[in-house]
């Protein structure tokens, strides 16, 4: 789900997740930028910090703004981010007078973090639905095969017989908890970022909280008391949850791999992967992939925690590292739920009656 | 805080934390083992699953049991864990008849995980107190220097002046949230492990929940509905929190390092580390150490997430990996709070009036 | 350089590296697949293990083979890899008779690993050139400013004055060594994979070594004595080197960030990144990006080492993890050399005369 | 092999390695410190940079110096390292006059890094011997059971029968290469550190190289052209090698775990670990432990690569991180070779005749 695995057509299908890609697309992000600027100018007009007539006209102009992405792209390398180019274009589109009521007192980080908040919150909804589906399939599985018996194994050795229901419970239990956590955390993920150049909302004086609340409301986000420019714990907690979800599915995948071994035969899967050399062979592809995705996220989570050392009022180093890691973790996690669902659909039997 | 940094007297003082060491000592663990066995036999007698007279005598015997640690040690390598040796010794101490009502239906993992639960819960209390102390010192700092002004810096460049209060807020804010999280998570950390050989409490039939609740009560732990032999998410969430605490302190340390640079001079520290070559030099030792500890934990958290792929009914591989990583993360986090407190005590000025 | 950072046009320019993308493109990979099959059939004909007339015709047919990528894509998810679909198409293209002398005794892993070997070897050449260019620029820098003086800093504190030449030497020294290592390692990276279904070349009997050598020669790869299906140390060593290169550049970037601070002013950069809020500000974007890329690779290397636990004759889990991590590390490393070159071109002064 | 796993007597035996502990002991380190100071003063006298009579007396005094470790310990926290306290004590022991020819032009890092170089080089010798032993046992294994047959397995599925010799080859092959690498790398590991306060040997003028060579010779170390104060690539390369060794053994361990499963039964082990609940069960403890140790090192290697971003002339942050990680990786690797040897000794059969 990295550049290679998303761009090379020979490997991309294994990792593809179009629904998630759409949430992080150029269109989605630039749409969120404009949504932020509209919400800001509207909120400032509301509290009377910008002229309401100008604001009205600027809002109308912004609604019609279609950014020229390639022209923005030309400045991105030098600026290290797309916002200066985007704002310059937006202001040029509005003209000097209207531009004076746009992007007032704010900064690139407010736009980018808030846009990610929207993408992450929507991703949370996708994860929520997919987790529900996986849990429903696991319930069906327990209903169909829970009464069967299989060998319980500890330290890779046969221990005592268990019910298949018990094994399935060990797959369900963490996912049920993580599903609940996901719902709880959504409001932490969907937080507006609003702090201005150095995070102290200095340009807004006593109106800062009011303006922040108004922007959040217009954007469907949650207002926070202060900016979280350097306080990335909400993002890290989201990353933790993502890796825990893929990790829980990795345990399921690992168990399925072990159960599918000839000689063990505790699970029967249909439609396994074919070998180019041995066409008779049925490889438990989705089960293996679940372990891969779990180990990928377990790797990334370390990088995300490194990014907590976010110096001063804004660390370009750490912020950029988040961009490289967190959206990918979202995609891997979301994909792992699809793969789990695929694996569940292939199960034809667990244990013995 | 690894073998080398705890055993080599030339380095150990940098990383020492005796209060935490005591929580994970041989005595603490073996005490918890005995506490578990006493609670189990007591609970089983309560529900009538073992003879109450025998139980009474066994409980009296267990109260007086002093294990021979070196003798246990002899078996640990072969068994991969200390419980079989411990239980054999305990049973020999009680004699065959009383031994029949001891360690009934349980397994090594129940003892070890529950013992860790006690150690981790106590560690949580230590972290709680230390976090309170650090937060109090940060409040004092804000009171003393919050009114001062300093340069706000983004992407390592001077941006706009900020109040020192704003900078201190960015240190306080995540710690306040993590402090609250710590209190919330304590009950997840302090969970009894109770599942028997393959985690299904099969030996206890309908009494499993009652017995589990009784054991938990006697041990001062929280009962869970099911065993969490393979569901390590509670431990991983604890690890996440630990790394987030040290990460938040790492940001504080990194800021202090940058503020202490000659030419920047936004912080004045007393009692800095001496150089063997340049005795005039004042090194910001605790500030640097906070960053080191943060990066150490950010490294370890990845290993902990790898351990989520916990196959079948018990993975010796992953369980052992937790032993190597999690207690160390506790120690590093607890130490980082002491180091932060030390750094705070050395601050003689921030910003300029 | 992950899916998001390569697909979202608002962020992709920061991370773009078209030269590297071309090496890992669909066309490059599928071209390598065909190159492998041609080399194999040719080699088998050479030793007389397939009929030479059939082989001749099959080779002619393969030269003209244009795979239908979307049709291959349809099978990739089920198979877990693209080779079965590719081979089926290739054989259909040749017809049953000629197909009998194609893909004989080999397996998907032989094709995929050998194709990666070609891509990695070519990437090594790109890295080699870029390293040469960066080292040349560093030499120029030493020539231009090496005679200047600056403050040497240890533990973030001013220590003693040093020559700028000394600081530049600390940037050059590791890169010179890593450049030499890269040249040495190229032959390990450019290794043919050749083992057949279970890695023992069983289908080729005594001719295995001869056939392997012939394939390697035709593909411009290096023959190895045995297959390295499960021996991933060559790849891991390549990953180590990649992370060490980006790490060495990360040190340079971190130094440049610290030198560029107002109040320190040991470096003067032109053309810094603009802020959307503070147009006067000059951000050291490439210097920061070097640190980000170093920390990204330092994160990934852990995942690659996890993949060493490659069970039995082929681990789908670990192999797939490599695909997710290693090409991305190549791209990050190659990009970091471009970014370093960019940073070097922006330096207008170091230290004081 | 962390604080907990080395201090808690209930777990320490699993991870114990006294031979390695001795190499990193207080005595070993302080002995190396004194060895460095003696070599330095001797070398300086040789080139006439200190008075030879004073040097002679100082050398005699240093030979008899027995440092008071607890007194050194008192200063370590404030200084961040033990050298200033050690040097102060050494100078006091010699008296003011002789002290003037001791610790001239050098710095803490020269002593500490050079001492670690000695410890690491000695550890390399231990690893070399243990690798030889493991390779010899693997040869014996191939001799005894190589002619047997077993099922080759790919993607966790039975593929085609292989010879046991082929499977054993996949264990031997990487270890043979890593054994060779270890011998090659020894001279990079055994490098003297010699740079003075800011790494430029400024105090020694034109004599720097001569003095460095003389110190190296006296200490049994290798002289390098320049100091490597901030160039940590040699250490990182050592870490890479360590993790690759434990990773290669992890593959062996994982295979043994899978082969030992009932239903697969491709390996027969004697003396397995006992369960406290199921005394009949034979757990493949050393095989599992090999995987744990591999995954531990694969986790640590990421932290080591993070430490490459070693800012300015000395990063206290990164240096301290190395102390926490690298000696532990040495210990884990060395232990994994002992565990592998133990596992090999327990093998009673592989495959079927």
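The letters A, B, C and D name the chains in turn, as written, and every chain counts its residues from 1.
Following the convention adopted for this analysis, a residue touches a chain if its C-beta (ideal position, glycine included) is under 8 Å from a C-beta of that chain, and two chains touch if they have at least 3 such contacts.
Predicted model, so just to flag it, every value in this text is computed and none were measured.
Peer 1: Counting C-beta pairs in contact, which chain pair has more, B-C or C-D?
Peer 2: Higher C-beta contact count between the two pairs: C-D.
Peer 1: Where centres are the averaged C-alpha coordinates, which chain has the largest centre distance to chain B?
Peer 2: Between chain B and the rest, the longest centre separation is with C.
Peer 1: What whole-Å value do you get for the distance between chain B and chain C if each is reduced to the mean of its CA atoms?
Peer 2: 40
Peer 1: In whole angstrom, what separates the CA-based centres of chain C and chain D?
Peer 2: Spacing between the chain centres: roughly 29 Å.
Peer 1: Where in chain D do residues touch two or more other chains at once?
Peer 2: 80, 153-156, 159-160, 197, 257-258, 273, 275, 278, 283, 285, 288, 291, 295, 298-299, 302, 306, 315-316
Peer 1: Which of line, ring, star, complete and other names the graph you get from chains that touch?
Peer 2: complete
Peer 1: For chain A, which residues are in contact with chain D within the complex?
Peer 2: 151, 153-160, 257-258, 260-265, 272-273, 275, 278, 281-285, 287-288, 299, 302, 306
Peer 1: Can you list the residues on chain B that touch chain D in the complex?
Peer 2: 1-15, 21, 24-26, 29-30, 69-70, 72-73, 75-84, 86-87, 103, 106-108, 111, 196-197, 257, 271-278, 283, 285, 288-289, 291-292, 295-296, 298-300, 302-303, 306-307, 315-318, 320-321, 323-325, 327-328, 331
Peer 1: Can you list the chain A residues touching chain B in their complex?
Peer 2: 80, 152-156, 159-160, 162-163, 166-167, 169-170, 173-174, 177-178, 197-200, 202, 226, 228-231, 233, 236-237, 240, 243-244, 247-248, 250-251, 254-255, 258, 291, 294-295, 297-299, 301-302, 305-306, 308-316
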